[in-house]
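Think of it as A, B, C, D and E in the order they're written, each chain with its own count starting at 1.
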Amino acid sequence: MDDDIKIIERKEINVHGAVLIEGFPSIGMVSSIVANYLIKALNMEYVGSIRSRHFQPTAVISAGVPMPPVRIYVGQPVEKKGSICERLVVVTSEFPPPAELMQPLASHLLDWTKQKGIITIISIEGVINASQNPEEHSTYAIASSPAARKLLENRKITPLQNGIITGISGVLLHESELSGQDVICLLSDANPKIPDARAAARMIELLDGFLPKIKLDPAPLIKEAERLEEQLRQAMVQSLAMNVPGQKEQPQVMYG
Amino acid sequence: MDDDIKIIERKEINVHGAVLIEGFPSIGMVSSIVANYLIKALNMEYVGSIRSRHFQPTAVISAGVPMPPVRIYVGQPVEKKGSICERLVVVTSEFPPPAELMQPLASHLLDWTKQKGIITIISIEGVINASQNPEEHSTYAIASSPAARKLLENRKITPLQNGIITGISGVLLHESELSGQDVICLLSDANPKIPDARAAARMIELLDGFLPKIKLDPAPLIKEAERLEEQLRQAMVQSLAMNVPGQKEQPQVMYG
Amino acid sequence: MDDDIKIIERKEINVHGAVLIEGFPSIGMVSSIVANYLIKALNMEYVGSIRSRHFQPTAVISAGVPMPPVRIYVGQPVEKKGSICERLVVVTSEFPPPAELMQPLASHLLDWTKQKGIITIISIEGVINASQNPEEHSTYAIASSPAARKLLENRKITPLQNGIITGISGVLLHESELSGQDVICLLSDANPKIPDARAAARMIELLDGFLPKIKLDPAPLIKEAERLEEQLRQAMVQSLAMNVPGQKEQPQVMYG
Amino acid sequence: MDDDIKIIERKEINVHGAVLIEGFPSIGMVSSIVANYLIKALNMEYVGSIRSRHFQPTAVISAGVPMPPVRIYVGQPVEKKGSICERLVVVTSEFPPPAELMQPLASHLLDWTKQKGIITIISIEGVINASQNPEEHSTYAIASSPAARKLLENRKITPLQNGIITGISGVLLHESELSGQDVICLLSDANPKIPDARAAARMIELLDGFLPKIKLDPAPLIKEAERLEEQLRQAMVQSLAMNVPGQKEQPQVMYG
Amino acid sequence: MDDDIKIIERKEINVHGAVLIEGFPSIGMVSSIVANYLIKALNMEYVGSIRSRHFQPTAVISAGVPMPPVRIYVGQPVEKKGSICERLVVVTSEFPPPAELMQPLASHLLDWTKQKGIITIISIEGVINASQNPEEHSTYAIASSPAARKLLENRKITPLQNGIITGISGVLLHESELSGQDVICLLSDANPKIPDARAAARMIELLDGFLPKIKLDPAPLIKEAERLEEQLRQAMVQSLAMNVPGQKEQPQVMYG
């Protein structure tokens, strides 16, 4: 199997010095929900995609625009709804890539971020709640490099010492540890059976500390997220969750 | 897996300025039924095929002519049975291609349409009825470009804002969004368990607005379609639905 | 998967102007039984084979000679047992090739027949009985070209107008329709659960009309065929149906 | 899948004029038991191996030496325990190769035997007992060439006339029939559910006639074989049948 | 499938004259537990990795550092906790490689050890207990070469004479037997259903004899190992066994 991976820029992407959020699907859809929250809340622009014939043959329609399953968004430093957005890049997908594509996909992504001058990658993951008490929730963090560990230290976050991280996040972590790039993986425990919007809200709280110029507010999101939860679940069942504006009862979805 | 896709023209195909209808199998066989209705009603000519060793090894016999599973038809601007046919191209198949072939197949098709000067692609899809009420039916549309969105606007069709479109249609939509080609995807809800002729009739009504020089009449089709429904179902079971002219009770099938 | 198909001639094969019978496995083993009947009845010579590592790794032993699973036989125009044999080529196998090999196999076969000057290919197929009445049997025919259709017409056979033909026969039909070569596919309904010798006898009656210089007699075959039926079934179960001459009760099998 | 087959000679193998016994796994493990009997009884030397990444990743330990799963042994013409050993080559394995490797494996083996000047290949096979009476046992033989058939004739063995031989033996038979090399396939019926030592003893009796300078005695083997039967069965279950010399009750296994 | 295997050195690895311990997963996780015991007890340094897109896409986090699934560690000859560590290399993984990668993986490893001047490879394996008495435990050893057999002899270990060794150890044994490199495989029987810490302790006792400058003490390990047993089992279930220092009840794990 050749990987057939190509990163396509819709136009010149100027993101020198930016932070990239990696949001491939994870347990409880935490990463997808967080990525979509950021895209909407910060009014990020769809600037590119990652393509491979081995990805899901699917278009994701958002605001009437058909887009491929793996997309790149950039947030410009504009003031909007009371928040200042620093230069932020989000890579996200609704569909997990095949296991054998994860290593080449992570390599392509790290090469691209290096070439673009992106300084830090934050990889979002969900993990199954390991606690005895289902009401007790935790978030964790891992860093790939001394500089990335410093970022955790400055935020009084103690990195995870021992464990196993699977998927794109795992490959990004060990590949960047080798190449010396700065990757932080943030994990929130989540319910693996549903899109877990509450876990996403906990992640946004955690993420808020890393994006000083942006004010991320999990409070309204919690409510919004609950509806998303329902919507995404239907999307899985029907392969088509739809929303035609102009029809009555058309909801104001944040998720695209 | 190499895709091994080749577009074969049986003779010089001159379709500059034409509209192409993509009718690969969809939920409820909506696209296949619509494609076959157009081919028969407009007396379209079989002018080419798309071949790959990964497609179903099968011949489709129509009017005694054996044809490969993925075919290209062209309608000439002739007057017939009271209708004027503008230059129309139909690509159709009775068999869905393997998932890993969908991206290269869509790319080949878009390249070919560009090279041939085809101006708009209309992709036909069926979707599962999302309504609570099974008697309530809907059709939807998505456009890949401002020009294609204009075509919807002119027909007072509000495009789908958010959702997920799988298969060839999905890949055509996002690939054309990138290349700037004009693709419209029309969707009708349909019964996924049978060839849904009524859904096809609703699609023909919708399609009628896009083909001004052609008068498409769904009324007689509804009756015809019901019989097709039965016939196609038998074709699936037996891999051979047959119809020898000269034998008594030989039906006047429209589906070829 | 590379196809790895090679046509091997055991010696110079001179079959200019011949008819080729294609007998790859079909429903009810109709094509295999017919091919073997012809080989024995007309005392055809084993002259070549088609090889691929993707074919069944098997030797078929006939008259003490081990042969590969896909074989080519040629009948010389000699008088034998009261019948005149025109130049006839039979390609047959006891094992169906993998689905992905069918298109390249058909292409190799058509290229080879063209290069050898073979004028007509007759492809033998079995189909499931579509009639309500299990006692009612039918045979059908399809032609790939005007010249081939003429052959049907001359024999007062009305070709099948609409339907679906799967497998090698299907690919041969649509590939030859494109290349302009003459392929006729003859179909007999058959019982898909057993080697259906009676269906083979009906096919031989049909085939008789196409081979004027040969007198094919289905009558004795029906009896013989019934025994073959039993033998082939055992061959499937045991992967070795054997017949050592010199031992008592050694049967006079026609099938080799 | 590339075959990745390499024949590795541990040292210069001089086997001009030798007979090669092919003992890949067969029904009832007949070929493996026979090959191992020959190796031990004739004190044959381990001289080479056939390697492919697609073979079982395994070492077979014999007399403390780790060896790959497909091995080549040579017997020198020395007098030992009352028997004279003519130059004999044995190729054997405990594991069947994947089906798609059988054709290239047979081709490599035939090329190698030709290049080495080996004159005859004897391929050992087990077949399921086709007799009604389970107490009645048979052996069979097939030859690929007139010279090989002469060898059967001289030993008053009537070759199998019709049947199907699967696996390496089948491919060796038809490939050598084409290339003109001399292959004899010897078959003994066997119990497919266990390593059938008694079937192996019958095979050794048959083989004895082909190796005039060697006196093969099935009598002691029958007893030995019964124990092997038990041992091999355990090897399958545990992936490790072991035998540490120096420990009490260490058996004198012939199988290595 | 290309193997895509690369050995990556994080820095100049100088291990001339060293012993390499191969600890890929085995029955009862014996090799993984032993490898991790050595790494921690001897304070070994993480110096390299083996990468392939076909390995598990995963990061193993140890002491806060994300590492790929197949890792290389080197122990420097320093005095620590009362033990002198001779130059030792450990290659280990928590995940077994795909079967088709085992042959190329072993080849890469043997080439690398040769190039690096490593003198002996000790491969650690677990085997299912073949004894009737579950309380009776055994260890075994196999050597690939006369020099390696000498190492066993000097330690009064009688090598396994006959048997089958599967996996990386098997391939290492027969490949090194051919190339003349010195490989010793040590086996301990183990419980295949759990990470068997007691079997690992027996292995460490056996290993102690081969590493004269190191004092390996199985006694404390047995206790530690029991806890590991629990931990590893959870890691399998959850894909994330975690351990954040600073939180209360944070255990002093040796396993990283």
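Methods note: a contact is a pair of C-beta atoms (placed from the backbone, for glycine too) under 8 Å apart; a residue touches a chain by one contact, two chains touch by 3 or more.
This structure is a prediction, so every number in the text was calculated from the model and none was measured.
Trainee: How many angstrom lie between the CA centroids of subunit A and subunit E, rounded to a whole number?
Mentor: Comparing mean C-alpha positions, subunit E is 37 Å from subunit A.
Trainee: Take the average of all CA coordinates in subunit B, do the same for subunit E, and state the distance between these two points in whole angstrom.
Mentor: Chain centroid spacing, subunit B to subunit E, equals 59 Å.
Trainee: Note the residues in subunit B that touch 2 or more other chains, in rising order.
Mentor: 1
Trainee: So that we know how the chains sit together, what is the shape of their touch graph: line, ring, star, complete or other?
Mentor: Per interface graph, the chains form a ring.
Trainee: Record each chain of the ring in the order reached, setting off from subunit B and passing subunit C first.
Mentor: B, C, D, E, A
Trainee: What part of subunit B is in contact with subunit A in the complex they form?
Mentor: 1, 3, 99-104, 106, 127-128, 130, 140, 142-144, 149, 158-171, 173-175, 177-178, 185, 187
Trainee: Provide the residue numbers of subunit A that touch subunit B in the complex, in ascending order.
Mentor: Against subunit B, the touching part of subunit A is residues 1, 8, 10, 49, 51-68, 94, 234-235, 238-247, 253, 255-256.
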